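Look at the two complexes coming up: subunit A is in both, with subunit B in one and subunit C in the other.
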Partner chain A sequence: MAEEGRSTAESGVAASLGAMARPMLRGQILDRSIQFLGIGTFYVVILIFFSFAEPNFLQYSNAINILSAVSVLGIVAVGQAIAIVSGGFDLSVSGTLPLGAVAYAAIVNRPTGVLQATLLVLLLGAAIGLGNGLIINKIGINPLITTLGTLSIGAGLAFVFTNGITTPLKDLNTGIWGNTAFAGITYDVIALVVIGIVSFLVLRYTTFGRAVYAIGGNREAARLAGIRVDLVSTVVYMISGALAAFAGEVVTSQLLAGSATVGGAAALSSIAAVILGGAALTGGEGGIVGTLLGVLILGTIADGMALMHVASFYQQIATGAVLLLAVGFGRLRQLLGGRH
Partner chain B sequence: MSVIGHARSARLLAWVAIAVLAAVACGGSSTPSGSGDKYTFAYANVFDKSPTFKTVADNLVSQGAQVGITVHRFDNNSDCATVLSNAKLMVQEKPDVAIDWMGCEGAGAAVGKIFKDANVPCIAVNQQIPGCAFFNLVNKEFGVEGAKIVYPLVQKAGWTPNDTTLILAAAPGAGAEVNSNSRFFYEDLANMWGLDKFTADQITDTTTRLGRNLIQIPGQGTGNGPLEGTYTQLKNVLLSIPTSRHLIVFTINDDSGLGALRAITETHRENNTMILSAGADSDGVNNLRTNPHWVAEFSVFFEFWSEYLLAMGVAVKKGIATPVQTYCPQVVLSKDNVDQYYTGTTPKSVPALPEQDKYLIQTGILQKFGNIPGL
Partner chain C sequence: MTGAPPLLAVSGVSKSYGAYRALTDFDFTVEAGQSVSVIGENGAGKSTLAKILAGAIRPDSGTIALEGEEVHFSTPRDAIKRGVAFIPQELAYLPNLSVADNILVGAWPNRFGITNRRMTVVKATEEARRFGIDLDVARPMARLKLGERQIVEIVKALARRARLMVLDEPTASLSDQESKILFSVLKNLNRQGVGIVYISHRMDEVYRFSDRVDVLRNGVHVASVSPSNTTPAQLIEYMLGQAGEQLPASGEVTAKEPRLSLMGWQAEGVPSLRGVDLEVRSGEIVGVFGLRGAGQELVAEGLAGLHGHIRGDVVVKGRRGRVFGTPRQARRAGISYVPAERKREGLVLSMSIQANLTLLVLRQISRFGIRLATLERRRAAELARRLNIRYRSLDQRTGDLSGGNQQKVLVGSRLASRPTIFVLQEPTRGVDVGARVEIHKFLRELAQGGAAIVLVTSDVEEAVVVSDRLVIMRDGAIVGELAASRKTQAQALALATAA
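The block that comes next holds the complex of A and B.
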């Protein structure tokens, strides 16, 4: 009875919130569409620029290179996007990724099947995410501090686990994600696309997805609307952790070896991609398509600049400038449009 | 804001983006010009942010142009993902030879597969890549020769194994070959002098203390670079070592050496310390010349690597048989022999070619630069 009563009350609150939200939602969709067009235009400009600047850029093989190169960052960024939309963020991906990388190498070298190893790696990542979620939601420690701590623990464990020594895959066939599936497209790219589509659908069309946006928009309002905020937030970190660990597995597949030194830049790069894709660090905004576009922008700039043999110092400047431009543009648009 | 307004803003953003990218591309392009080049090499440098390593790439481009070889350069940034991406970009350009200094231990198999699949002849620098000719220093020699330099000095100074601590500022995670310098230094000095005996294999990445005499710290720092990293780590460690004990500090590069020197000087222990360092950058050689406590410097003559790599590339392209390893020029400098190889802090000559490197003579490249004795 009590459960039923609560459900009814929650339904009532949710219904009234939903009614209020509907006109806003249309505005938001229009706004997001324009924002997406903005970042999409931006990407097209980059493509056009490099196509004229570097003859090797506009080749099919280079497109595959870009997609393969961004696959790891993309997988991490999808998890990061969900965390940021929910109003948190996850620095621990830079520790979980190398841990997933060395764990996968160690597991498949035992030997164990790729599927079982993948499952174990996903569980490992989810367990780290569970730890993050519990610390943040039950103990109340800030996500920055929590995930910074678990970043350090994860990265350190990866070194301890391997004694600092890179572990080559004994059977190169276990590096499946780096293999070509068809037409030069590698499995890591397919994995990114599948993860992207599934995450997009989950965020857009499921109760869980709507809860993530609601928590990011206003945690307290979401709680009052009957959303189990702590549970949803914890699951968000578990997803982010699992994806980061899986990204580690993909790196190991690409390198054909598990190294504890990989993924150091994953946290900041993934946050940059998510923000580039139109998310707000305050939560409640952003999405998977924008994030993947952000990842593509970062990857395409790196690829184009490398093809043009631009010194890496300048690449750094360009990447930073593009990030500031894109985010600054969004902010400017908000100010001119009178939104805050 | 209207949709038209957004469109204007998007166009403005597009123009600004083009301007930024164009400015950056113009400022940073390092593609050499020139026509009639005989070969095109693609070179991925380990880490352009290090001036020492950047020299290798800069020289390859400029010296390559002198001998009719166009060198397209990439920067691996010591990042495994970048290493893979660059390898793919390199083969996309279909160079005559790809030269890869990865800076990512373990990526060799994947990179080797990329070169093999693209049928591009390749050279691996510093870390092996299956299927590629291999160019490297011999880190162990730094340790072995360093021990030979230090042993008479400690005897002359009257230090004993009972009152001396060796601090190895190593590079955990960089692999056993890289760390063989410090580990063989300890093993050889222990054998000569009677320190607590441990073999190089017994000193691992997770070793912090062994016996009475050995302490190991991460010389490349933990995210803060070798200079600050070694400084911080050593200052902490020094708190646990009585000031009466003598110190021998072995560092992996000159940034690490300078960090060690700062820590030693700040704690007023310089008169009780000997430092050995590697890299032979201007600070390192200058300290070897002027600082009585800086007793050895491992030089691999990075300034001359480009000549060797160009010659090696031509040899690989021509199908000349290469040895298991082509040695880079290297010597352990002491206060006694530094003038033989350096004028001030600038290298003036390298040791003669070792036997296994003599195949390089057939290419005629080394002779064009005239820096190798006897050629």
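The block that comes next holds the complex of A and C.
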């Protein structure tokens, strides 16, 4: 009797463990997608709101407008996302971007081929990133301070080179990123999509990407595991720098002129997009998909409000509120879910 | 004894964490002016007791009375108000402020919120003098030596009118000279009626200092004796009890040449190394045991390439070189290191189990920098199976695992590169008993498979049970070696504590 009772109790435990296993696994998958689900739902709500509030919103041409408008921020944000995942920051994008913008105009006006000019601009950005990386990793100055310094230097240099004068492109064909490729889609959008996909693949499927997450999650553990943390981190800033300079080139293409006054908001907006996308400021978490969703949210709000003729200062307020709302909502879910 | 109630009376206090009973029905008194040592092995319940007295955690049951009046501490602030001061092992102070500011923290002399620097200095000096302590209170805290900072903490407690002081292993990182000064300060406090509870596992200090010794074992109060009529051997017996983990005997070590040798390792500072030589052959586990701060951690970290300042040589497979300067050099020599602090130095908790398991072999699981998903999955699954890691999915966040399973992931990650020399530091600290036994068994299997293993630990049971040969360190030097057949925990402890 007693023997029998025990064996049923045991099999009961085993059965309930088996039953538990499956929902847990499902919970796991849900867990992973929920961060996108949260921000995805958020985006859908915004889309629905604007479609009702503004009849012109839900049109193909407006979708293209939004994509084209966010392409520059998107390109910068991809670099920023990699920097933040690696446990760093890159404020200097706001200096590198205008420098890239005026450099591209100056180079193609010489005249030089678009391809060579693009390579030179990428190199320029990577060089600034190299400087950031070396200062941060070899001298050991905090990334926030380092990139704040290089931001100021970069933005200043852009003015020095141009004497503050906007340089129009002599040959309008050199502003290719603003040209239409097909079905109204411009090359800047294509550039963003390509950069997004490549960075996504790099972060997810390469050893370098794994190392970026590792140094962001626990730099000391990564170092002890034999990862060359200084090298990885420096390369991260080079990527971010190159992308920011390239974003400058895209701006010049769109404006058909190189101006030193562009990109001032890029640093903070890109950080906002990355955080909206679910990254942790402390590093080790987040990714490209979330970041691009964050960029789209920011771009869509700006576009929708512009269509509704809301003055731009109100847009700023709305953007800030959205950021706090989205991040606060995530935090609230964590607290209620009891996860630390 | 007069009828006056004791300064501190603890009765029937219990504390459990889940199914684990950290402290069971604990009774205990301290008179004013008395020094009581509480000793016990790691995990015996000493820290739980200290935290309860300090108000950091609340007991599940039982009462605490101060001078006959029952008290209930729900926060450390309550305990401080009632005159109970806790000096933790890791001091919490404000390094950027002066000694005087630290002593009077939160109660700086002020008028309408404007502090008075001169008054602060005068008052702080007064507080220190009251108990015969000489301190230059104008210096910034960060400039002080560790021992001096501890004394500042004590003065700070006294300034808050502490009547009972609870110290958790205060000498763990002090030099001999600093310890002596600390003891003379404590003795002086005793004379002035302050009660002291001193938590330690250093036998020599217990004898030098306390009026009574209380022994904890697995959360149970097993003895309360006077040091003057108890021998160290008896105390050690109380601490260890009997029973314990049994591992199957390891096979005969056949290799004659050492696979790894340390020659003349020297290092200044705290802890120091004073000429350490060690040889490890294939197929054996050499335990290096010492109390915290005895230098054994330097041996482990030196082998991992974390201490370039150590002077001496390493011979690996007959090739002689200087002590490794970087972790990469150590790894290139074929040494795999399991660090003691798994959360800080070992794992990336935000990453998946799989990512942690393959972190050290990223290059092996990828071609041209691109990870091969199936190969990685296979390697991770194999390691998880060998170490019997319990998980829902290999993609699960490592931070969500239990401590024991996290530790297995850490050991697994260090094993991925199939090292021939394995150096582990405190491999089962903060790990549940089940996982501990599994990790120990696993180490034995590894040795039987031909690996040379260095097990550095401050856990005497682990040291004795797991190692084939046990080396004991004290004050930076090897003070004894116990062969496989003739090692007991009592002997190891006696050597390590200089009892």
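Rule of thumb we're sticking to: the second predicted complex is superposed on the first by the 309 of 340 C-alpha atoms of A that agree within 3 Å, B and C clash if a C-alpha of one lies under 4 Å from a C-alpha of the other, contacts with A are read in each partner's own complex, and residues count from 1 in each chain.
Everything below uses one rule, namely that contacts are C-beta pairs under 8 Å (C-beta built on N, C-alpha and C of every residue); 3 or more make two chains touch, one makes a residue touch a chain.
These figures come from a predicted structure and were not determined experimentally.
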Worksheet item: Fit or clash for subunit B plus subunit C once both are placed on subunit A?
Response: fit
Worksheet item: Once the shared chain is lined up, is A:Tyr314 touching subunit B (first), subunit C (second), both, or neither of them?
Response: first
Worksheet item: After lining up the shared chain so the two structures overlap, which partner does A:Thr207 touch, if you call subunit B first and subunit C second: first, second, both or neither?
Response: second
Practice prompt. State whether A:Gly217 touches subunit B only (first), subunit C only (second), both chains, or neither.
Written response: second
Practice prompt. Name the contact category of A:Gly284: first (subunit B only), second (subunit C only), both, or neither.
Written response: second
Discussion item. So in the superposed three-chain picture, is A:Ile227 touching just subunit B, just subunit C, both, or none of them (first/second/both/neither)?
Written reply: second
Practice prompt. With the two complexes superposed on chain A, say which partner A:Leu144 touches: subunit B (first), subunit C (second), both, or neither.
Written response: neither
Practice prompt. In the overlay, work out which of subunit B or subunit C sits against more residues of subunit A.
Written response: B
Item to complete: Determine the nearest approach in Å between the Cα atoms of subunit B and those of subunit C after overlaying the two structures.
Response: 13
Discussion item. Touching residues of subunit A toward subunit B in the complex: what are they?
Written reply: 34, 37-38, 41-42, 45-46, 49-50, 53, 56, 59, 61-62, 65, 68-69, 72-73, 159-160, 163-169, 172, 175, 178, 251, 254-262, 264-265, 301-303, 305-315, 317-318, 321-322, 325-326, 329, 332-333, 336-338
Worksheet, complete the sentence: Note: in the complex, subunit B contacts subunit A through residues 1, 3, 5-6, 9-10, 13-14, 16-18, 20-22, 24-25, 27-31, 48-49, 72-75, 77, 79-82, 84-86, 88-89, 92-93, 104-110, 113, 172-173, 175-176, 204-206
Worksheet item: Which of the residues in subunit C come into contact with subunit A in the complex?
Response: 304, 306, 327-328, 331, 337, 339, 344-351, 355, 359-360, 362-363, 366, 369-371, 373, 392-393, 395-396, 413
Item to complete: Using the touch rule from the top, collect the residues of subunit A that touch subunit C in their complex.
Response: 21, 24-25, 28, 32, 205-208, 210-211, 213-214, 216-218, 220-227, 280, 284-285
